[in-house]
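Going in written order, the chains are labelled A, B, C and D, and every chain counts its residues from 1.
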Amino acid sequence: MIIMHKDATQEEINHVIAEVQKLGFKADVSRGESITIIGVIGDERNIPFHQLSILPGVKETRMIETPYKLISREYNADHATNRIIHAGEVEIGGKTPVYIAGPCAIESKAQLFRIAEEVKKAGAHILRGGIFKPRSSAHSFQGLGAQGDSEAREALTWLRDAGRMFEMPTITEIRGETKVELIAEYVDILQIGARNMYDQDLLGVVARQGKPVLYKRHFGASVEEFLSFSEYLAVEGNKDIILCERGVLPTGKGKSFTRYTLDLAAVPAIQEETYLPVIVDPSHATGRRDLVYSMSCSAMAAGASGLAIEVHYNPAESWVDAAQAITADELKNIIDTCNRLHALAVENRKKAFNKPGR
Amino acid sequence: MIIMHKDATQEEINHVIAEVQKLGFKADVSRGESITIIGVIGDERNIPFHQLSILPGVKETRMIETPYKLISREYNADHATNRIIHAGEVEIGGKTPVYIAGPCAIESKAQLFRIAEEVKKAGAHILRGGIFKPRSSAHSFQGLGAQGDSEAREALTWLRDAGRMFEMPTITEIRGETKVELIAEYVDILQIGARNMYDQDLLGVVARQGKPVLYKRHFGASVEEFLSFSEYLAVEGNKDIILCERGVLPTGKGKSFTRYTLDLAAVPAIQEETYLPVIVDPSHATGRRDLVYSMSCSAMAAGASGLAIEVHYNPAESWVDAAQAITADELKNIIDTCNRLHALAVENRKKAFNKPGR
Amino acid sequence: MIIMHKDATQEEINHVIAEVQKLGFKADVSRGESITIIGVIGDERNIPFHQLSILPGVKETRMIETPYKLISREYNADHATNRIIHAGEVEIGGKTPVYIAGPCAIESKAQLFRIAEEVKKAGAHILRGGIFKPRSSAHSFQGLGAQGDSEAREALTWLRDAGRMFEMPTITEIRGETKVELIAEYVDILQIGARNMYDQDLLGVVARQGKPVLYKRHFGASVEEFLSFSEYLAVEGNKDIILCERGVLPTGKGKSFTRYTLDLAAVPAIQEETYLPVIVDPSHATGRRDLVYSMSCSAMAAGASGLAIEVHYNPAESWVDAAQAITADELKNIIDTCNRLHALAVENRKKAFNKPGR
Amino acid sequence: MIIMHKDATQEEINHVIAEVQKLGFKADVSRGESITIIGVIGDERNIPFHQLSILPGVKETRMIETPYKLISREYNADHATNRIIHAGEVEIGGKTPVYIAGPCAIESKAQLFRIAEEVKKAGAHILRGGIFKPRSSAHSFQGLGAQGDSEAREALTWLRDAGRMFEMPTITEIRGETKVELIAEYVDILQIGARNMYDQDLLGVVARQGKPVLYKRHFGASVEEFLSFSEYLAVEGNKDIILCERGVLPTGKGKSFTRYTLDLAAVPAIQEETYLPVIVDPSHATGRRDLVYSMSCSAMAAGASGLAIEVHYNPAESWVDAAQAITADELKNIIDTCNRLHALAVENRKKAFNKPGR
């Protein structure tokens, strides 16, 4: 990274960017209140730091060892500022938590619209609905989108229309590079599922759509790996990345009583490392309807910026992941409680450790 | 387990107990408001259920498949009732959360008394202090207790006296079967550390002291294993067991940014399975001072019955685990916030799922 | 699955296949010496078994619970027969082990040809060379293929030509759905790396090229998951799948001394479940040059069908994964020793457990 | 550690030892062909290296960072020499592998003697038999030893007598500090099971019996932790430690098809770090009779110094762990094959990497 002098001119900054590009690299610019930092993107073995450090206006050049640079607080020109991501009218990463809700899989227009109406009333901000489902068995239902392009378009239209009708931006999971553009036509936030966390090429295609990305941690990934692969989104110039913790592999022999182990300490730990917002998915993490409430509260108390929750008017009939869906009534209680918990926990966190902005 | 008729007489109950004992087993009696259940303790391959089921007053006999029987809600005569454990004036598992605080290791009388005074003022209920320390290196400081019996007695006396002076029951970790009786002479609650979770013989000796036991989950144990080994305490007739979640092995390559992965979903999951109270240790779980606040809040929102937190007036000088100790000021903020979070989360949990008593 | 009568006519078999297709499913036919089995591929909730079971020539229909059906021994008409996969003149899964060797990443034409010549002399059968490299950091060298399409074609041409010159079929790793056809033009075996194990859409595209696929287990996947996702290849009609064990996440705090934990018991365990060949990659598993010999021997003694090993004439200079490459001399010693170990272990395995064909 | 001059006199060495002891530490002496090293045992924060480095005959003093010092090759005066451990006539860690065999649990005198005779004929060197069984359920059979002291003595007598009759040293697992002396009266090698790996106090008591110790790795322990806790045996002055790999926690969701994941790369990795012998237990690792052969072969090819295998004349009737016991016939085939595999693998290992003595 190249740190510019406080009084570097815009001309000097432009000159540095041009030089970086001439050398075959991409430049990423982070402007803070008092300083500007230019990140150099490319194979880091070949960056000629010496050459760059003597350009006019350059204060110093520094090699950042960590594989996540562009998304790190250290690199950010304003260390203490969090990134707020906009999807329609909704702000993710701001002062109040954001709730994403909807069915695991879209089953029909009627099902989606009914659930959309219910979650809106319950207080949700963003509407989710699965159209392309990654499944562990090749012989399971793979989502309406898997049945053909016209079925996919139809379901995407429902999602877009339900979002418009109930005034919520929409989100759905991407599956397969070739579907990205189609999906981006219809939805506001593109979700990369846990199993695709490592799929660097998919990450590139998704990031290049220029829309916010909800990026889920793989269940076998450390926090460091999660952040390092997030960087594959950022190097495409898209930093509208919402990180999502959804549980890691359980430990030990015998029953864990939850589908995954929700790693809530990762929430504040990630917030220390990066300025990106972190949300939590208690539905997939626990796989148990009766634990969604507790883990929602817990995530909020940990300081998460939001929740993604699966809702169905008749959970037992849900085609996919029936064991973890809750009703809109339950969602309402969660949202009401969580808003208060979040305010309480975040307010006193600032007091305790005197960390402005986090 | 033997379920007695509602109107079974005390004589019939006594007769069944006597028969169980005659057959070479131990009997564990659980009396509910309306029914009485008698557990049969011993090698389960040899229990003659047929013979027992025809005794007068017996309604039915049932084999419980799970290895944890005596501590399970299913076995308990009053399913919905939680066990409240008494240590001095303190109730663990009741309506309000309990805070255990103190130094990781007792370093001197002055250090202990100063910290005891501070944590009492901050709102702590129980005083902790390590005297026998299990360490991962044989070449590290093993606690004052390891220096000899007189040093051990001296440190134990300090702990007892500090507890008396500042009106807090005390707790310290057990290390080694031969030290159990000595420690039980001085302290109110006996702690079995995570690394000793599987040590069945130690569990037996500790349980037989008749004092409350704080029992920590091993970092490689599933919830099922944790509960199954708790049963080794219960079969000794001691059900004053406080379960403690303190983090499991992190997943994935690279840095996890926390020492262990705190499994907070285990808190409500365990509460479904057993009537015993569950507390959380955010200090060892994260190994990071700056995450203790967030994980304390998170644990409370998950419904934990209390917290165990390491406190030092000068964390950086702490002989053991310096990176995770917090100050009493920080503790006070945590306790104040956590009390409110706990009340909020537990109150609405009941509303949401209509689960009386949990 | 539909099991046909022993004396079912070809006409009856064709009729069943036609009916399956008319119902909107795909049919997969497994012909054994005495029986024929027809697998029904599609969303398993909707298969009308009753309707199919009364067709002429059908002996019985059976729902296979496991998510891996087409690749299971149970489904296979000849349970005891292993699948032999052909790549050029090389047989994978036959009586003698197969050795895949070459550089981790192709660095230049000269580098590749020199290594190709050396590994051929050492006894290798198949030439590997990375062109598109999945890397954990977005700022690392991503392979020559990542530099552009013409660079990719050039490197692929080198690989094809080196394979022809030294008479070895070739293999390289796929990265990204859009590159699959390009790569399939040039190489004989398509490799899906561990990080892409869960990428169902990539699996589909790769399988449809009709070439043998080397499929690596993800480091966070159980054996069951590995086999379940292999099924995504098989449902495309491509059963030329070479499974590859390359290590899972290490357990425990502190150093494991190897990059991953090589799960060698998975080799015979997988051989029980499926008729597909299993090979082992000791280079990535250990990440240590000095352990490649031992783990190669160990894999062979476990009954693996082959090894994939990274070789460089100057390991220390290797651009990628320098710590794990060995020299061709070391490879020669490994191949000579492993051939003898494999013969010895497999021969006596048959004697011991009387399992013909495995 | 204190490295003495080549020509340091015995008097100088004794003087250094005396000084170390005067300072309140224990001294551990390692004499090589040309040099002598004195290890200082105690709380390493307090060792006055300066004071020791100026004593006559001292060449240099060095702080070893690793928590395993006394068992490390680095510390050993002859780096390349492996430790050979003697139990009766049997050498563990020598040129030929050693086979420990017998029933999981001793069920009766007849059962033990019959199995002892059979395994001796099959080629076993050491007789194992469980008397105190650590079990995951408090309601399972805990071994004959748990039924009382006289039953324990009786079973121990059988084991001793069977060992004498069939000329094999004996081994049994320790459970509980208070049983150590009793067991040490009767058996030749004391086994510390995986679940007790972290039990530092038990380790101390066992080591002080002065008999060889078979020490099993916990299923949640890294190699580094395993070695660090072995040090708790060594600091008692007992270096007759046989390390045993028996599998770690499986990774991933769904079935792993083996009870644990046998970490065979740990065998050569540990051999690099320490001079102690490493053996493998394929029975507990896999939990599957049909995989014992393959994993035995695999362990031998990895260079293990021996195997511990559970044998029963009628595996299906075995009271404990019935699924993993093999017959003596199967054992014989394993031993015959393994001897040849071991010779082949070890011989060529030396050739390959030119590592004398390993």
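The rule is simple: contacts are C-beta pairs under 8 Å (C-beta built on N, C-alpha and C of every residue); 3 or more make two chains touch, one makes a residue touch a chain.
Just so it is clear, the structure is predicted and the values come from calculations on it, not from any experiment.
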item: Greatest separation from chain B - chain, by CA centre; value: C
item: B-D or C-D - the one linked by more C-beta pairs in contact; value: C-D
item: Centre-to-centre distance between chain D and chain A (centres being mean Cα positions), rounded to whole Å; value: 49
item: Chain C-chain D separation of Cα centroids, rounded to whole Å; value: 37
item: Centre-of-Cα separation between chain D and chain B, whole angstrom; value: 33
item: Two or more partner chains touched - positions in chain A; value: 136, 218-221, 225, 228, 249, 251-254
item: In the complex with chain C, residue positions of chain B that touch it; value: 136, 219-220, 249, 251-254, 259
item: Chain A residues touching chain B - in the complex, by the definition given at the top; value: 218-225, 228, 248-258, 261-270, 272-273, 285-286, 288, 290-291, 293-295, 297-303, 330, 333-334, 336-337, 340-341, 344-345, 348-349, 351-353
item: Chain B-touching residues of chain D, taken from the complex the two chains share; value: 41-45, 67, 69, 134-142, 175-179, 195-196, 198-202, 218-221, 225, 228-229, 231-232, 234-235, 249
